[in-house]
Amino acid sequence: MKKIINNPDRALQEMVEGIAAAYPNEVKQLPETTVIVRKDAPVSNKVGIVSGGGSGHEPAHAGYIGKGMLDAAVSGEVFTSPTPDQVLEAIKAVDSGKGVFLVIKNYTGDVINFDMAAELAEAEGIEVEKVVVNDDVAVEDSSFTTGRRGIAGTVFVHKIAGAIAEQGGSLQEVKAVAEKVVENVRSMGMALTSCIVPAAGKPSFQLEDNEMEIGIGIHGEPGIERKEMATAHEIAKELTEKVLNDRDFSESDVAVMVNGLGATPEMELYIVNKSVQEILKEKGIKVYKTFVGEYMTSLEMAGCSVSLLKLDDEIKSLLNAESSAPAFRI
Amino acid sequence: MGLQVTEAVEWMKRINEKIHINKEYLTSLDQPIGDGDHGINMARGFQEVSNKITMENYENVAELLKDVAMTLMSKVGGASGPLFGTAFLKMSLVAKGSDTINHDNITRMLEEAVNGVKQRGKAVEGEKTLIDVWSPMVEYFKRVDRFKAGEIAGEAKKAMENTKDIMATKGRAAYFKEKSIGHIDPGAATSFYMFEALSEVIKAGEK
Amino acid sequence: MKKIINNPDRALQEMVEGIAAAYPNEVKQLPETTVIVRKDAPVSNKVGIVSGGGSGHEPAHAGYIGKGMLDAAVSGEVFTSPTPDQVLEAIKAVDSGKGVFLVIKNYTGDVINFDMAAELAEAEGIEVEKVVVNDDVAVEDSSFTTGRRGIAGTVFVHKIAGAIAEQGGSLQEVKAVAEKVVENVRSMGMALTSCIVPAAGKPSFQLEDNEMEIGIGIHGEPGIERKEMATAHEIAKELTEKVLNDRDFSESDVAVMVNGLGATPEMELYIVNKSVQEILKEKGIKVYKTFVGEYMTSLEMAGCSVSLLKLDDEIKSLLNAESSAPAFRI
Amino acid sequence: MGLQVTEAVEWMKRINEKIHINKEYLTSLDQPIGDGDHGINMARGFQEVSNKITMENYENVAELLKDVAMTLMSKVGGASGPLFGTAFLKMSLVAKGSDTINHDNITRMLEEAVNGVKQRGKAVEGEKTLIDVWSPMVEYFKRVDRFKAGEIAGEAKKAMENTKDIMATKGRAAYFKEKSIGHIDPGAATSFYMFEALSEVIKAGEK
């Protein structure tokens, strides 16, 4: 394992300090936590938006802190949900009295830890609401199982929940629009390589030179299907069609996200984007806005995901609203 | 016999030891059907437990178990942190007022632990989780009328191994559906070490 | 080699099309070229800013096109300077009559091809000026040799030249401030892995598991020195001190860039940033603004570079000026 | 004897062939002291040259050489594209008005080519570049009084091999200073193939 770190056990803490040191005018680290909040938190008369999860997904989640997006991001150990006490600190730091909204990705750990934090916060008199993002169509949607994972589509939820909160929306209004985004966003990912959890020191799985994993998550877990390596166009087609088969996007305006998982050259993301746009055009789906880059990563995994968000006028206007988050400036 | 504070502390330290020795193995169990952090998570958590309880003087096992629970909840994260945390918290609640952990109260402690985990994890038996060790252990303790150190580890091991044949429907392993079959559940393996440690502490007490 | 491409020979063209397809309201591709220009080019009464070079450095250079930054980016084959005819097309497309300014990284190929384009443009009556960026302190500065390479510091030149042009600066004013930035910016990079030029199909060099290359460029070339792998702090120290030894930054306000080369998890960049900030603080150098992310990459190379830009009031205000470039929004 | 259009076309096609056969070798020369694209660049360029000249009918060698130059300049990029482009452009200018490339004009053609490259590349002899093949070849052609097919390739090869001992001061290889010693310059190697192809075409014409 070659990584630019000092010690796997201190990587999380040092990263958080490095983020705080990078943007001292915009954010601050809550003392003795791995929580980063807006410098001006709590913003008075605004619903606080909190997200987070394991680390290793950077720029998620701290990169999305800013005016018009998140108020706080809680980082756990690499790929490990943060603990309830950390989430609680975040909630307390961003509550202005108007309540706090949690954006949670649908993983057992994230759901449990954030839920526990919400209970603790409510016990302290803070109103808390949440949404659980489950955009990954690689996994079957089922109420009998863990259900779908939350992946890159989560960034759209951050953006739009953050925008309505910034505009003064109530906790219930934030929740309503966040739920609408969750209903309307779908994603699918693939990987060429695994990644290395620093504390594990070796790749989470092995792929041969002619293999790829389809239906990958963002925690270095293997995908749903191992296949022979294909062309960019075939990959774009497979991901996009899986997304389109899952939800009716026809005749819609959509936002597209082609997300790199960490080690994919941007060149390749743009080649994928070319095919995605062609495929959508063929199907009569109108692309309103496109995002290409690294938004929700998996350490140094090579691969990408494609997300589609179906838009209506409300979501469009919230998507276009100003955001000062370093990793999602609009 | 029963476990007094000293033995209960010893139990926790043995769990910590076993988890450290098997840290890579536990992580490797979490790689094919998870995200490869289970051993790392549990080792971090039980190291903190061990540090914490070494520094404290407990008057009763309930207090000890509560500290174990809180430490796991605030140091592990992931799914296993709050779930094992809940298990120990529930055990602590049942143990309140008792001086020892003994055959009389262990069944109720474990039963409450399982219920707590089920509620937190929205899971039941047969979903390939740590419940599939804890729940059979409740049944086992119900069946026997006293601590039988020689049996506990074996029962837990059997339960752990049975998770191999289950198709996961909860936790990360659920994403792999049929492909999750054939792998031992990492949380079940950690649970086995917990019961193995328990049996060793009981055995030591019998001498 | 595993890459998400269709064919190495078409990768450049398809990437350029993918960029154009991603931002149809902001940019356009000049037909039958690999040139991307601002949608509204030429912007009347504004000096046009053109940059470019080989591809494989994305988001450089097309990601820096936008109001307040570049007007055009010319992409060559991977790591290969574009040809003069392509650069000429870019110059012609962005000239509003106020002249065109070229930001060139100091590589023989880039310098020659851009110079030839400038000559051709001047022959067509377009006024052209240029700056050659040579911020890489890994290479000795010498007028008898090729001299220093241009690396990540180039992005600061884009930003600041773009800002003054947007404010209506004349060609000479743009040139003067761009030269000031070049005089005041220094960078140094290192790598943990090589990268794979698609058409070559294999890594440009090999590094063992305990080795790193110090003084790396951005074209997959080996570094100046091969060393044993070190900690993040040691790496940050070595890069920063090399930069500080080259130019007097003491008592200055600086902008910092911690740049990822393509496959480095952002987590690691922030860990490096933590050390860089500590080192600068110790030396009494005041950090005015920090940029952490992938700004000038080398395909899927793992590694990073550290750049420092010494600031005065003029450069500060230009650095802070609005930019709508997707990869450098301010 | 001299090269008429047909032979000059044959010369270019042979260069193309040699570069394609040695594409990986040329690229591998560019990896330790460059950016590993030289073979790729030259193969792309000469493939385009070959396509272009196959489609055209040239009246004289100057026109042919001009197309070669323009194609290299607009299809290769990097340092080598404009530099070899300049070389062929200068040769074309000298060849203007001549029906053939022959021993009388080749010296002047190469001399002008070298001057053009030197000016464009701001380089002189001894800096470990393609100049270190072209310039010795000028000297060679000055020394002899007629085309000697048997010697040309050998002379070029010697010059190419001599670049091994030079420390680079221009081009990417200059970044490696002392470490550039011991490697053949990629552009010099390509230049050798150009002269080797020339000698073969001359030899074929002698028969």
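Observations, loosely collected:
Letters A, B, C and D mark the chains as written, and numbering starts fresh at 1 in each.
Assume a contact is a pair of C-beta atoms (placed from the backbone, for glycine too) under 8 Å apart; a residue touches a chain by one contact, two chains touch by 3 or more.
Nothing here was measured: the structure is a model prediction, and the numbers come from that model.
Number of steps on the shortest path from chain B to chain D, with steps defined by chain touch: 3. Chain centres here are Cα averages; for chain C and chain D they lie 32 Å apart. Separating the centre of chain B from that of chain C, both taken as means of CA atoms, is a distance of 54 Å.
Rounded to whole angstrom units, the spacing between the C-alpha centres of chain A and chain C is 28. Residue positions of chain C touching 2 or more other chains, listed in rising order: 78. Contacting chain pairs (ordered by label): A-B, A-C, C-D.
Considering their complex, residues 27, 31-37, 40-41, 44, 73-83, 120-121, 169-172, 174-177 of chain D touch chain C. Residues 1-7, 11, 14-19, 21-23, 55-56, 58-59, 63, 78, 192-193, 209, 212, 229, 231-233, 235, 258, 262-274, 277, 290-294, 297, 299-300, 302-304, 326-327, 329-330 of chain A touch chain C in their complex.
Across the complex, chain C meets chain D through its residues 54, 76-85, 107-109, 112-113, 116, 138-140, 144-146, 149, 197, 199-200, 204-205, 217, 219-222, 224.
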